[in-house]
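The same chain A turns up in both complexes below, where it pairs with chain B and then with chain C.
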Partner chain A sequence: MLVWSRSGRLVLWALFALVFGVLFLAPLAVILLSSLAGQWNGVLPSSLTTAHYGDVLHGSAGDAVKASLVTGFLASALALVSGTWAALSLRLQGHALRRLLGLLFFIPSAVPSVSVGLGLLVAFSNPPLLLNGTVAIVMVAHFVLISAFTFGNVSAGLARLSPDFEQVASSLGARPGYRLWHVTLPLLAPYLVAAFGLSFALSMGELGATVMVYPPGWVTLPVSIFSLTDRGDVFAGAALTMILVVATLALLLGLERVAARASGS
Partner chain B sequence: MSEAAVIGARPARVETGKFWILPPAALLALLFFYPLALIARQAFFDDSGMANVAEVTRVLHSRFFLNALINTVSISVAATAGCLIVGLVLALILAFVPFPGSRFVARLIDTFIALPTFLVTLAFTFLYGSAGMLNAGLMEAFSLPLPPVNFLYSSWGVVLAEVTVYTPFILRPLLAAFSLVDRGQIEAASVLGARPLRIVRQVILPAAIPALIAGGSLCLLLTVNEFGIVLFIGAKGVITLPLLIYGKAIQESQYQVACIIAVINIALSLGLFGLYRFAAGRLGA
Partner chain C sequence: MSAAAFTGTNVMDIDAAKVRGAGSNVHFDKVSVAYGAHVVLHPLTLDIAPGEILAMIGPSGSGKTTALRAVAGFVRPASGRIRIGATDVTDLPPYERGLGMVVQNYALFPHMRVEDNVAFGLRAQGADRALIAERVRDALGTVGMSAFAKRLPRELSGGQQQRVAIARALAVRPRVLLLDEPLSALDAQIRRNMVEEIAKLHRDLPGLTILYVTHDQTEALTLADKIAIMRDGRVCSHGPTGELYRRPPNRFTAEFLGRANLLPVTVVEAAGGKGFARAALGDTTLASAGRDEKAGDRSLLCIRPQHLSLTDEGGHSNRISGLLREVHWQGELTHLVLDVDGTAVRVSTTRLPIALPEAGTRLPLFFAPADTSLVPEDAGV
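Moving on, here comes the complex of A and B:
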């Protein structure tokens, strides 16, 4: 304990409550409140309603939820496969090459998302690689942006893995493929699940690259939230944001449980 | 027998093993590095393959580009400073003056990393916007004719939103660093009569410096790249480089101008990424 006096501690806790309340709690609370607001002319809404949720779910929001979930799932699955593959095969490289390639796999996380989208538009707007205007370009954009996070998570997991199990398996004569499938990947499972969850969450909230490349008919949740608020429909925007938040948190909590079970068994 | 099998298998595996990296590397090269190279080509060469210095210099000297560059850098520096101060204060209290439920609160702040950044901007328009709760309250209380609080539609609105969104990125490494600080050392110092501020300065801060540098450089990178917050605030005067690229490419269809600005933005980001890797590498993280 750093501060021994009771009054000193109370002052610090009050400061914490103030900063936490203003910066973190108030925004979440006010989004929830406004998604339920009927009339709002004064400090607080004068009536509450669930009509905004009904409106957005009957409108195009159902499609937006589907577009976000499908994009997030496919992009995260591809990022998981390629990130795990890259992290595992980097271990077979020499020291210098491993460092260089490791850096290159991280670089997509450093480039602004809008520029990633711009690059895809410039590169894939002409045959033979015509992706512009298709759903695939959205998936590719999301894959590029989240691939570094999956790679990083899996690499961190591999670094923490004790090499003993793999060495024992090899000395018992297990072939590399058998060892990978029955020893290394099960040991990595909690990290794989965590990596998948984080990249899914990032994909659900992705806006910068998506607004650059999305085709009509594949509008993700963040894009449709922006178009709602941009034309002044802020309450519907808030309702759709709550749907996005709840979907993201449910996904993360669910996957956390899966990860706990995977590491427990 | 098994030993012989391992010895026999090893050299062969190392040789073919080197090629396993090719599929993911090729995928990344095609989908990321190739488009990046095309941005550079479109920026510096025209359709006939001639270098076009005139257009590049025109954009780099234009008012819209310089304004966006100054906005981006100043917002990023201000937001990072804010994140460092808020993150340090919150982490000090969470780690050294804990209260019932402080672990839960730390996890709650951590989940902000997974939430979309524009959520905070949208919330701020309800809180501090011209028809928001704060202005409505002040106008009712003092019977003012006009909303008195207008910071949201300036750079300060963006800075405050970015402080909320990116403070968790400082908090996480700080809490990890603080968990390694020897509690006995702090107790001994305070029994010997050292005041809390002195303990913070002489014992705790030295342990936090690497986490502050790594977290701060990550914040600089993320705030330079931030798009959603600036787009949602939608203030005419607050245009940053990513927003300018979006505007030029999508709204004005000037792809070449967008590519020139993108080259500068990417160079700035990669420089900050190098700084972050250097800082994180020195820390051993």
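Moving on, here comes the complex of A and C:
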């Protein structure tokens, strides 16, 4: 809805600033301030320091960043491949089956992630499927939680793709594999990149399931943050959170550029 | 060289050769198509001769695209067979049929430059680089787009995109070109030019069989050797363009193709031998080219708007009169609508009496028996 009057627009902007400022920026600002706080007893910190960053960087921050990035990358890549595959093959199915399977894909995102973690823990605790205590089970947990989003994104992209492109390609003699590689996937590229970015961001922030399944030596950023704050080390937790935010932002911005190039604009 | 380049039959490639081996006529043999219980194409039998342009025209939803897509292989017939040349292609996948297809919105691959779009089919079929380069050059030359080879589709106008889409289809040297409303996304001026260019293209490539689907009668009349008129999933008439226009076999054809006036008449005297039939419109007796009507039959006298004249000219022995309802002056042409015994009659004329007549005037209309035909009253689908 367009608002034309000047005062109307001012009110809208003020509302937007309020909602955005209070709900998004205030928590971030508080975290940023805590990560830099030497002492914080009053309304604002009484002194500022970068010591917390030094501490976490000397501690296990590096490992946590690595664990998070590797988990995020692998789980997202896996989710991208399987989500795309599922979306492409479901397109060929009848409408009813497509709806049903599409819904099934989304069940893990409706279940609390802690329960997903618990489920995996129980399911994979006996041979031959013994994954407990391995890095793989972390990947699996993340994969289960994010694949619905890649599937959803790619399906949305496919639904918007005019069948004309693929049909013209076929009529020109392109076999299905050639057509997929040279027509369908390039046309889907913006959706694939968006799907990957979204899964990566989700994976970077995943805590509930990870806490249930992570093995020693593979502590992701959210898990480290959780244990730091749990121990009462709030300022260090805040510093680590800022590192997580920056890493995720950098990644998303990078992907955005890739997407821009892929869609040729 | 560009023109000759497309008429060659010695094509390099793969399975499509199965189709190209012989002839390029398209034969529908009782082809029907249904979506669930909904029959959208009733058993259709139709032949398109090699090198012929068949225009399939009809209102939207009449099944034209369905018929075309059945040839292309994207719609599976519920019954019947489709042959291209000597090959039964009914069970072949689209990529083995060796056709060229152009769709309404062009569907150029947006991530490929013009030359890569045109090269697509040959690359997909694994042709060698030298051949591809030569064919791309020829195809772009044929449609006059050589200067735009390096552009991306979004940097082209609609008309230019359509040319590239045609070049892309021609580059694989199809034996049959399928065009589905190729011009309907273009504005009127460009559409007229493109119609002429497609006509020229076909003069340059006389061996190319074209199935041209459109809802625009002007395109069909300009381009087609034969026309098939579709209505509700059936061909309601089919024949050489001129004949179908001059002697429409039924009311729908007469009205759809050139918006004919149809006057309800009663046959007074059959057209024995070579003469004209005589038919009564109220108290007036008119001479008209007839078919096999008998005296006493009710019929429709078909006369085109441009064949009605406000002045008595040589040979215009038929005379009716009507009450002028509307006058639309369009510069070159003036369109009049008259009420003739309760039937609205359209007149298009380049010549008017000195003063533009006013609505409400009673005007005489003259026309030649040779410009008329009788259309059976009860025909139709």
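Just so it is clear, the second predicted complex is superposed on the first by the 244 of 265 C-alpha atoms of A that agree within 3 Å, B and C clash if a C-alpha of one lies under 4 Å from a C-alpha of the other, contacts with A are read in each partner's own complex, and residues count from 1 in each chain.
Everything below uses one rule, namely that contacts are C-beta pairs under 8 Å (C-beta built on N, C-alpha and C of every residue); 3 or more make two chains touch, one makes a residue touch a chain.
All of these numbers come straight from a predicted model, not from anything done at the bench.
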In the superposed arrangement, does A:His182 touch chain B (first), chain C (second), both or neither? second
Taking the superposition as given, does A:Gly8 touch the first partner, chain B, the second, chain C, both, or neither? first
Per the contact definition in the header, classify A:Val19: touching chain B only (first), chain C only (second), both, or neither. first
Which partner, once the models are overlaid, touches more of chain A's residues, chain C or chain B? B
So, A:Val70: does it touch chain B (first), chain C (second), both, or neither? neither
Determine, under the contact definition given at the top, whether A:Asp164 touches first (chain B), second (chain C), both, or neither. second
Determine, under the contact definition given at the top, whether A:Gly205 touches first (chain B), second (chain C), both, or neither. first
Mind working out whether A:Leu57 is in touch with chain B, chain C, both or neither, as first, second, both or neither? neither
For A:Leu172, using the defined touch cut-off, is the partner it touches chain B, chain C, both, or neither? Pick first, second, both or neither. both
Report, in rising order, the residues of chain A that make contact with chain B in one complex and with chain C in the other. 170-173, 175
Give the list of chain B residues in touch with chain A in this complex. 2-3, 5-6, 9, 13-14, 17-18, 20-21, 23-25, 27-28, 31-36, 38-39, 42, 86, 89-90, 92-94, 96-97, 99, 105, 108-109, 111-112, 114-120, 122-127, 133, 136-137, 140, 163-164, 167, 186-187, 190, 196, 199-200, 204, 221, 224-225, 227-228, 231-232, 234, 241-243, 245-246, 249-250, 255, 258-259, 262, 265-266, 269-270, 272-273, 277
Help me check something: in the complex, which residues belonging to chain A touch chain B? 1-4, 8-9, 12-13, 15-16, 19-20, 23-24, 26-28, 30-31, 33-34, 41-44, 82-83, 85-86, 88-90, 92-93, 101, 103-108, 110-116, 118-124, 140, 143-144, 147, 170-173, 175-176, 198, 201-202, 204-208, 211-212, 222, 225-226, 229-230, 234, 237-238, 241, 244-245, 248-249, 252
In the complex, go through chain A and note every residue touching chain C. 162, 164-165, 167-175, 178-179, 182-183, 186-187, 189, 264
Tell me, which parts of chain C touch chain A in their complex? 13-14, 16, 72-74, 93-101, 103, 105, 107, 109-111, 120-121, 124-125, 152, 168-169, 172, 178
